[in-house]
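Read through the structures below before going on.
Below, subunit A partners subunit B and then partners subunit C, in two separate complexes.
Moving on to the complex of A and B:
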């Protein structure tokens, strides 16, 4: 009894703030969603009118579509990317701490800073277009490099095999030699003028201030170009956080499992597929859950991009809620905002539940 | 993939004297391990360019006169030591210091400029103007201050040298002119000395004492923001703009510095409240038995899943009414636009509690048991035994909270709206983005502002990165 009393004292500050700023707020949000509250007059009960109204409003439907598409694609991309990064980083070689730090950088800075940098990079004469133009100019070099490396690799492996050495097609030593020789070869071709950069039209892709969509003319299924740009940005900034989760998980996998798999003749890919991935199942659940929760709430990027992209192209549920609660000048539509917020939280809960089912079903 | 180390270990199993074949196999395995490490490094480097590249290039571009120039250069004049030396000398000549220049009484600024003049064109001396240019654009343009134009006296422009030269296959000559700009002696110091030079059409700019910031009107006009800059304002021009052009109209306070201060204040206070409350709550959840424990735990989990957009309207109203009128007790009618409101509405987050609970559960119980037998109560055990052991978890909570508060955007945007000197840095950056980006984006100060606001959290990360990693894996363990 005394222990319970002590526990309640320990918990008092947190529970108090949780009840006021979460419990009360959550209940009130549900209540507001059934009223016509506008922050000044007393709320009147209107039943389901707000829910019916938002589903008739195009802007809400666009926001809903954007949020769902954004969330699914970003979560899938960042989870896969995070896993790849973690596997690459899970090597015990010198200097790995440096790379871990470098990769984590986009996750450290605030979304505001990152979005500003992103806006800058996606300008018409920005970094992204420059990289694309550079690539269009120099792709023959890249192609020559890869082709030469492949040929050299083939020669090396055939040579070794003819001498009776059991080498694999992607023998690391041979790959390294091929890459280095190929780089030297391409440099030689460039110096002699056999290869030269192509003349290309200046690349001036408009990434943000555009109504284009991908794929073009796909109706409700196609995503707007600015939203796709924000997807790239978000994958880039959140993948490193999840990479750290995976890295922690990878280090907990017992080595014996890999050794046993190797004894059974599993190749590297099979080891990854049948040991690493199943062992990381609970981390994957966490990563996907956090990814869905985070990406469904996407707000900062839309607010910072502001007039740089058409609002219809980038609006998300979170921004829809905000813009109805604080419409700047007009009377707040708290009822509408709350109804959309409730739908946002239902969406989040459904997403987490479904994926929990999927993860458990797979095991 | 994950087992580079396994293949390194394979040859170590041999114990008996080796046959040549075994030796050969072992050498091959060792070579393979080295080569694989080499390939992994290549891959790691490619990824680092992907993650660090945009940041580094944005940082570099924040120094440029035009951060979206085409093609983007990696060697802007601001990074050339020759220009640093010139900026230092000119800063001193203008009457200021080498680090921070100005244009004051006694200034005598020598300036030299060289043009390429093709054969058949008669070289002409440039027209020298000290324009009454308002520093910056947008909100910066209304800044009062002395104009150097009112106090500058430009000497005659003298031709000081000619030599034959060739440029892009055209023969001609390089013609050098020099002149001096003096201060008229009135007791007024201008903080900068802008300069415009104009030459006839076919005469092209070649070089000058200080590289110009812009070349306009098809090359006829060369324009300098400041020819007596000193090193810092020359290299970090956009940074000085961020600080100088953002000041409060009502109080005259430097807004950008205020915003940094606000963010620091909120971050430090919130780190403290998180440390105290999260450790207490986490300890109770991990170790004490009480009715409702599971229900509370589920509620915390649930609160972490629900988006902030659901609760913010109610929380806004709660703060507007001063938390049910409680704030009147200390004389605040409303908690909107007040740091007290921001702090009270975010005393402690669910994930901080999570980290602490997770950590306390990993501690061996024996430590507490023996203290309990000695008659210590929960409060004593918590403060004397458990808390001193919790340093890694507390570090993780502190770091992650600092990062979270420093980067928080949505809630401060709603609560802190007026006046501008109540903003946090993230809200301030949105303000900058609107001020500099209303028509065409003025990228220099925007990138500079972004860099400055990212710097503290990057430094904290670099110094305490161990805690970052630990904290994030703590949240991950629960599964």
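Moving on to the complex of A and C:
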């Protein structure tokens, strides 16, 4: 009894702050969602009017669609990406610490900074278009290089095999020789003028400030180009954090399981599919839950991209809440904002419950 | 055990230290209590140094002898959000900036103190001292809710070197849309890397051209009609400049706004306000630029313009309104405004300052400031506010401009879409 009391005492500070800043705020938000409060006039009870109004508003429906699409795609991509990264980085090779740090960088850097860099990279005269343009100019070099390397590799392997040596198709020593010889060959072709960069139109793809969608003309099912850009950014910045969770999980898988699998004749893919993935199930639950919650509430990246993309194209539920709570130049529409916030929280709860069913059902 | 720990805090030595600290606190607070404190707020950034010096030079000497203590509390970020929250919570400062863009909501909500009675009694600050267009912007139903501290309008800033290089006469005050477009076309003919006007896809720039046709943002029923032939004409002229590089989207020269585009030496002209001056001073110190009024509409023979302005207003729930008004008087006194003007920081709102010798200087900044100053009362001028719709009102126009300037929609389709959004927003 005494011990339980002590435990509750230790919990008290946290419970108090939770009650004040979350419990009280949540209850108040629910109350406001049934009123027409604007922060200055006394709130009037309007019943379900706010909920009816937002479901009639195109912008809310777009935000809802964007949020759900964003959440499903980003969660799937970042989970897969994080798992692959973790498995790759779990290898014991030289300099692995460097790669682990490098891949974790996007998560350490502030979201605001990363988004700004991203904004510049995706400008019409930005890095991404520059790289595409560069590729279009120089792809003959790349093609020649790869073709030459493939031919050289083939020759080397066939030569070795004809002499009875059991070499693999991608023998590292031979690959290195092929690549070096191929590079020399391409340089020679360039110097003699056989190969030259192509003349191309400057690439001016509009990534952000555009109304195009993918797939084009897909109606409610297609996602806007700027939102797809944000998905790429979001996956890239959040996957490394989940990679860390997976890395920790990988360390816990007993070596014996892999040894037993190898004895049974499982190849690398089968080991991954039937040992690694099931053993990481509890981590996957955590990653997917955190991913769903985080991506449903995504706000900052939309806010910073701001006027660089049409609002309808990138608005998410969290941003919809904000834009009604603080509409630039107009009085706050707290009732509408609260109603949308309540819907967002219900949606998050449902998403996590469904996902829990799915993960547990699979086990 | 428990009481032992508590006892340590009640030991005589701790009590004595506490008592001494309390005594010191009371002694420090005593002189302050004899004064009235007026809290003043504005936004952060470069503004802080200006307001601090303004208060030090002009406000404190004027109000401190009357027992008024001024405390300046600049807000670093999200100023509008801060003010709305603070007003709602009852913790707002006594005197604070109100931007014309979001002023109307606060005026209608009764959060700003009407100043008519104070102005009538005042000996140094009267309604007739202030440029009427600016005062109108902060008035609602005959009540004045703020004293404009300064303002900006739009002017045509151009790169003299590019015009010289092309052998084209500079833009001037007599240009209309056609003659200006012709001049820009000849400058753009310099080569594929040269462009005429920077075309920001925003009502905050384009609006001046729409107003020049005589179009009104709201009809008598408060509805907005962007299918009005006058608006359509301005829209097609502005977006049509893109042909032959007479105009360019700032993004295409790697810039986010007209000022940045002008600083690249590739773009002949930009429509901006006096805020561009500080930027050019820092980022393009060698750029030879000039400023002229915006071109006239060939049909109406008038220019259009937008007024961007910020007022000092008083919190309607302030406990020290009389004192706050004294601070407001000092903040907008002729001396304070002259000091701000002569430093090239901002344009004063007092009409009498148009005769200030500063404006007669040959220096391009002073000349540009004069053009911007006169823009407030030349032709069809509207304040940069949209009843209480705020940014929601501009979004349909901005999106339409963006879509057409990026070649994703044609003008007619874009305007039809915009009109549908206005019908939903302002009613049919």
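Definition applied: the second predicted complex is superposed on the first by the 292 of 363 C-alpha atoms of A that agree within 3 Å, B and C clash if a C-alpha of one lies under 4 Å from a C-alpha of the other, contacts with A are read in each partner's own complex, and residues count from 1 in each chain.
FYI, a residue touches a chain if its C-beta (ideal position, glycine included) is under 8 Å from a C-beta of that chain, and two chains touch if they have at least 3 such contacts.
Being a predicted model, the structure only gives us computed values, none of them experimental.
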Clash or fit (per the criteria above) of subunit B with subunit C on subunit A
clash
Per the contact definition in the header, classify A:64: touching subunit B only (first), subunit C only (second), both, or neither.
neither
Partner chain(s) touched by A:328 [first = subunit B, second = subunit C, both, neither]:
second
Which holds for A:39: it touches subunit B only (first), subunit C only (second), both, or neither?
both
Name the contact category of A:123: first (subunit B only), second (subunit C only), both, or neither.
both
For subunit A, which side has the bigger count of touched residues, subunit B or subunit C?
B
Touching A:311, do we find subunit B (first), subunit C (second), both, or neither?
second
Report for A:206: first if it touches subunit B alone, second if subunit C alone, otherwise both or neither.
second
Check the residue A:104 against both partner chains and state whether it touches subunit B (first), subunit C (second), both, or neither.
first
Answer with first, second, both or neither: which of subunit B and subunit C does A:336 touch in the superposed model?
neither
One more residue to check, A:195. First (subunit B), second (subunit C), both or neither?
neither
Does any part of subunit A touch subunit B in one structure and subunit C in the other, and if so which residues?
39, 123, 125, 307, 326
If we count contacts the way the header does, which residues on subunit A are in touch with subunit B in the complex?
2-4, 6-8, 10-11, 13-15, 17-18, 20-26, 28-29, 32, 39, 85, 87-93, 96, 99-106, 108-113, 116-117, 119-121, 123, 125-127, 130, 165, 171-176, 179, 202, 236, 240-241, 244-245, 247-250, 253, 255, 258-259, 262, 268-269, 271-272, 276, 282-283, 285-286, 293, 296-297, 299-300, 303-304, 306-308, 317-318, 321-322, 325-326, 334, 337-338, 341-342, 344-345, 348-349, 352
Subunit B residues touching subunit A in their complex are 1-6, 28, 31-32, 34-44, 47-48, 50-52, 54-55, 57-58, 61, 67-72, 276-278, 280-281, 283-285, 288-291, 293, 296, 299-300, 303-318, 323, 344-348, 353, 377-379, 382, 403, 406-410, 413-414, 426, 429-430, 433-434, 437, 441, 443, 446-447, 449-451, 453-454, 457-458, 461-462, 465, 468-469, 472-473, 475-479
Mind listing the subunit A positions that touch subunit C in their complex?
38-41, 123-125, 204, 206, 209-212, 307, 310-312, 326-332
Taking the touch rule as given, give the residues of subunit C at its contact with subunit A in the complex, in rising order.
80-81, 84-85, 87-88, 101-102, 105-106, 108-111, 249, 251-254, 385-386, 388-393, 395, 398-399, 402-403, 406, 408-409
